[in-house]
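Naming follows writing order (A, B, C and D), and every chain is counted from residue 1.
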Amino acid sequence: MAKLNMVQAINMALKQEMAKDNRVIVLGEDVAQDGGVFRLTDGLLDDFGKERVIDTPLAESGIIGTSIGMAMAGLRPVCEMQFSGFSYLMMGQFEAHATRMRSRTHGQITLPLVVRMPYGGGVRALEHHSESREATYAHLPGSKVITPSSPRNARALLIAAIRDPDPVVFMEPKHSYRAFREEVPEEEEVMPIGVAQVVQEGTDLTLVSWGAMMRPALKAAAEVEKKRGTSIEIIDMLTISPLDGDTVCRSVQKTGRCVIVQEAPRSYGVSSEITARINDKSLMYLEAPVKRLTGYDVVTPYFGREKNYIPSASRVVRGIEETLDF
Amino acid sequence: MPKKEIAKFSISHLQILDEKAKVDTKLEPDLSEEYLVNMYRWMRLARELDERMLKLQRQGRLGTFPPNTGQEAISIPAALAMQDNDWFLGAFRELGGRLVRGEPLTSTLHYYNGWEEGNILPMDNPRMTPTSVVIGCQIQHAAGTAYASRYKGEDAATVCFIGDGGTSEGDFYEGLNFAAVWKAPVVYICQNNQWAISVPREVQTITETIAQKGIAAGMPCLQVDGNDPLAVHVAVTEALERARKGEGPTFIEAVTYRLMMHTTADDPKKYRSEAEEKDAWTREPMIRTKQYLINKGYWDEAKEEALLAEVKAQVEDAVKEFETPHGWKEDEPFRHVYGTEHPYITEQHQEFLREIQADLAKEADHG
Amino acid sequence: MAKLNMVQAINMALKQEMAKDNRVIVLGEDVAQDGGVFRLTDGLLDDFGKERVIDTPLAESGIIGTSIGMAMAGLRPVCEMQFSGFSYLMMGQFEAHATRMRSRTHGQITLPLVVRMPYGGGVRALEHHSESREATYAHLPGSKVITPSSPRNARALLIAAIRDPDPVVFMEPKHSYRAFREEVPEEEEVMPIGVAQVVQEGTDLTLVSWGAMMRPALKAAAEVEKKRGTSIEIIDMLTISPLDGDTVCRSVQKTGRCVIVQEAPRSYGVSSEITARINDKSLMYLEAPVKRLTGYDVVTPYFGREKNYIPSASRVVRGIEETLDF
Amino acid sequence: MPKKEIAKFSISHLQILDEKAKVDTKLEPDLSEEYLVNMYRWMRLARELDERMLKLQRQGRLGTFPPNTGQEAISIPAALAMQDNDWFLGAFRELGGRLVRGEPLTSTLHYYNGWEEGNILPMDNPRMTPTSVVIGCQIQHAAGTAYASRYKGEDAATVCFIGDGGTSEGDFYEGLNFAAVWKAPVVYICQNNQWAISVPREVQTITETIAQKGIAAGMPCLQVDGNDPLAVHVAVTEALERARKGEGPTFIEAVTYRLMMHTTADDPKKYRSEAEEKDAWTREPMIRTKQYLINKGYWDEAKEEALLAEVKAQVEDAVKEFETPHGWKEDEPFRHVYGTEHPYITEQHQEFLREIQADLAKEADHG
């Protein structure tokens, strides 16, 4: 097994699926010759040629719109939005067609396509390059939204996304692109979409996160465990639509306490949905309010200030302790 | 300011059969009697269905729909010029073309009466998409289907429609550009019927023609008389040939007129004069097409009456079938959110079934 | 006082504000000559002329984009998206500029503009004309989102929106356009943005809704009160961003039980956010889980089926009783 | 197919000062020594700042930014041709023009170092917007500001920029169409620098020119040598006159070359040859502009050295000021979400202050 960072792992997934299935086409801005501005698609052009790896004109709606057409005609486009901050330009097409075609034709026409996009902050980027707004796509029925957190699950989930019969928004936490490496098996590994993962079992508190926030969450959990011998169950949501609330509820029924870590603004974010799911099925097990450690309802600040606007491990530690001491 | 010219463009207009049914024999396509009569038959059927749907809607037996009357000479000749494996991507005013491509009349009726079942076509892997309500989107889909056809080594092309108003959407321009850059086998047809609901063509854009918008993508573009089925046939046929030869997309502006209301929810009196409408009726396509057949010696009043009776009957049968109870399931949408199962959808599906049972029970009590 | 329906009341607000302030410009598709496809802007062209009431080309992004430019230059555009289902085409401009300009210039450039759009189902319309997705805009920091429920509050809130210094998405429940009439005073009436309204005080249960769902909610409340003598406190959210969670929390602290009625799909909707707010501040007062009566996570069905997909009064009655009996 | 021509268009190219500094005296604008020297001074300042920023970025003293080197002859002559009350709406590669319009050098530096404070301009009601990162949007804003200017009875016009890649966005086309329909006083300038990050102009669109995209909106359009400040001056000046006369918008394609990397995060070696870059350097604008001044008798090496020293010093001072601690508040964003107070924002503001206090305290412990 090679130790890969998330960029390499995603690149590996793309190469392996493209080698297996010539219906898979990669398109987007700067994905071919340049290999993507983050090098996610590096080498694909050499391996698969310009018919399958396409530098498109600069138009997000056009990228998804043509991908939809390709998918209608039996291809499996994997298109890229250069940054999630520009993906709003594709929402018209995505909502009107990608998410609905199966439903309106009762499955006669389906759109197996993947929209990859880097999201989130922490890389000192220009404005519009640091937003975390995964809930926006998760609120659209008919779409699936995945937020991997590590090289290994990113690779396994991207393969699942490419093989999935429905449109998948694959949101890559760009802060994690090169933040760390992980063993990733050469042989194929596929993870299920729509299933959260209990990455550590515990009995005293349930700690939930996804994407780039898994790192401060894990760090904080370790610190609290060390400090107070607390047993923390840690859940990585992995998919945020359709959301696996049951795994969280099962855990909360055991621990009675829950802390959710979210990078996105607080209102109408994923932590609100998870909290609502806990309310629906596990309210009476709660010994303390679900603690939501999130970004704030402010416009994402420029990178000069961003550090304090992204939940830190120490903030998570405090949140965990407050919830334990409630 | 004086400077050197580096690029020149021009837009031409094609008309073969004018409103008086005078035909330009130099341009007249060589079409068999059978082909022409068949084309006219589809035009009549579409007109008949359109008129019948209006009555049904007015009687509350059908939902809102956009009448097609007056635009039969565009999507029908285009559809007839296509191969089976070509893609037909419409907007929402291509009734005739959809019928030619195999949409059952009952499906049209079910669609406009609010049932997804109307979108399910009888053939497998249909190469026609449902109505594209959100304006402009289909232009981009067409670049994608065309790219896919070529990628798969098929000789299939894509024919895609849009309205004059639709050409103001960014998606229209983006889609044209993708198709041109990819040299994709697409034929784009703008049905310029002069109106976008209440907005006239000249408020939509100040360009001399809609056709010239193709220049922005570097694709061949021309204008045709959209009430002239021969001009449409010739333009689409030549564009399809270019597409199949790998010469890329073409943009065709077909000039016509929306003779009826935008949809049955619209009242044109708010924004245009009856005089304008009356004048437009003098150029509508049916009369000239029928006269052309007569002049050719292919047609007479007896045949006309027979055809009218035939299409009436066909429409009547469709309406009957449409109005026989179908018993489609209320919970169908839950089965088609995803192609895969998910517990949270299943859970809501169960909840839905409980709730409608309870609602029905309650209604039962109350009356 | 005249008895007006919501269409007339909104039309009245537009006329009164335009008469008062010539910076107010109305633009959109079919808003001038046609008076809007629902006649919301009827008569404005005659009263204020074509410089102030503009039939635009058919381009949603262009409508918001030019409105942003007008607002930069000191006008107060009130633009219309013909249906909320087409508003996704404006999200790029709206998110990138409308919601952020104040923040990125620390208020040196502000964008006072209103985006009106009819939303929601129940009018037997074609596909894309019946969605309820108000949370989509509410998740964007920097935007305000209003969902009036009656002629009178629609009129008073629209005036507030036009005078507000920030971009406001004004989502009009089209099902309520002509559903009922209400006394609307000639003289100016303005309601505050960001404040929920307790429309009826009660002690046993808190019933929360907004927009078109207020009608079945009120009907259901009356029925339960009659049937069981329950005292129900009813809250109309009116604004969903910024959301007034405190009014809901105060009520829940009193009643201990809460039912929320939402037309939109369940996941990532407003009811999830309200439930999360209750968790944050009032969890320990809850005697039963917050009951969320919502649309389902399915693609909005065509009108042949839509009736059963929109919460009905009798469904709300059952929800209230289950919550009372929990 | 033979048919009648109904519309004709052509695109011309304007060059007045060629790369050898040869001037076409018939087209040469009558500009004073002062005007020309001032223009050159701004060009030098922009070039100097650009080079300094690159060094700062490489030393980790500045964030990512898009170099402007080679494009000084577009936004600077354009900005100088404008009135104070005109609107300047840039994309993100108009450094020189922004400086001319009154953006302090320190603001540029702060903006690219991740501080919103860099967007706050020293004048009130500035008629220049911050960088528009999301490509294409500003084209539509410009139609709006221009409409507003006319509505308010001002004689102000709007000058708006976009890149060659940006012209593929739907917003670009929609915005052009709105401006044309409204006959809005706008001058659109496309800085065609041949590249959109790694995507070359010919992959972006297959049109012979970018200029011809204006034909799709029915607006006058032309191409100019964007490395020739005289051509840019003339084209923009005439377009501004048209705009103020109420004759509507103009679209100008200014042909130039992106001599440096797209942004400091980009590596052009991945996608273009050094030979191509070297060749482009032979056409860059500074050399010919300086030579033109010399030929005019307005300039010599002594003046050049003095100017270089002056702009270096000016940039140095700006860098010093930029690097002196500013002490801007961490919680500033909470004050600018809305122009009105809301308890839920206030509550989060308080929470934020508590959290950063606690984080600081913790960091203190740990080190």
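Here, contacts are C-beta pairs under 8 Å (C-beta built on N, C-alpha and C of every residue); 3 or more make two chains touch, one makes a residue touch a chain.
None of the values given here were measured: they were computed from a predicted structure.
Look at the CA centroids: the one farthest from the centroid of subunit C belongs to D.
Taking B-C and A-B together, the pair of chains sharing more C-beta contacts is A-B. Put simply, the C-alpha centre of subunit A and that of subunit D have 35 angstrom between them. Chain centres here are Cα means. That of subunit C falls 39 Å from that of subunit D.
Chain contacts: subunit A has residues 57, 59, 61-62, 85-86, 89, 92, 96, 103-104, 127-128, 141-142, 242-243, 267, 297-299, 302 touching two or more partner chains.
Each of the following residues of subunit D touches two or more other chains: 116, 133-134, 168-171, 174, 177, 181, 203-205, 332-333, 336-337, 344-345. The touching residues of subunit D, when paired with subunit A in their complex, are 63-64, 112-116, 133-135, 165-166, 168-171, 196-199, 203-205, 265-266, 270-271, 328, 330, 332-334, 336-337, 344-345, 348-349, 351-352, 355-356, 358-359, 362-363. By the touch criterion given at the top, residues 29-30, 33-35, 37, 55, 57-59, 61-62, 85-86, 89, 124-129, 266-267, 296-299, 301-306, 308-309, 312, 314-315, 318 of subunit C touch subunit B in their complex. Remark: subunit B residues 87, 89, 116-117, 119-121, 126, 129-130, 132-134, 137, 139-149, 151-152, 170-171, 174-175, 177-178, 181, 332-333, 335-340, 342-345 touch subunit A in the complex.
Listed in rising order, the residues of subunit C touching subunit D in the complex are 25, 51, 56-57, 59, 61-62, 64-75, 77, 92-93, 96-97, 101-110, 141-142, 144, 164-166, 193-194, 242-246.
Subunit A makes touch with subunit C in their complex at residues 60, 85-86, 88-89, 91-92, 94-96, 99-100, 103-104, 127-128, 133, 135-136, 138-142, 241-243, 265, 267-273, 275-276, 278-281, 283-284, 286, 288-290, 292, 297-300, 302.
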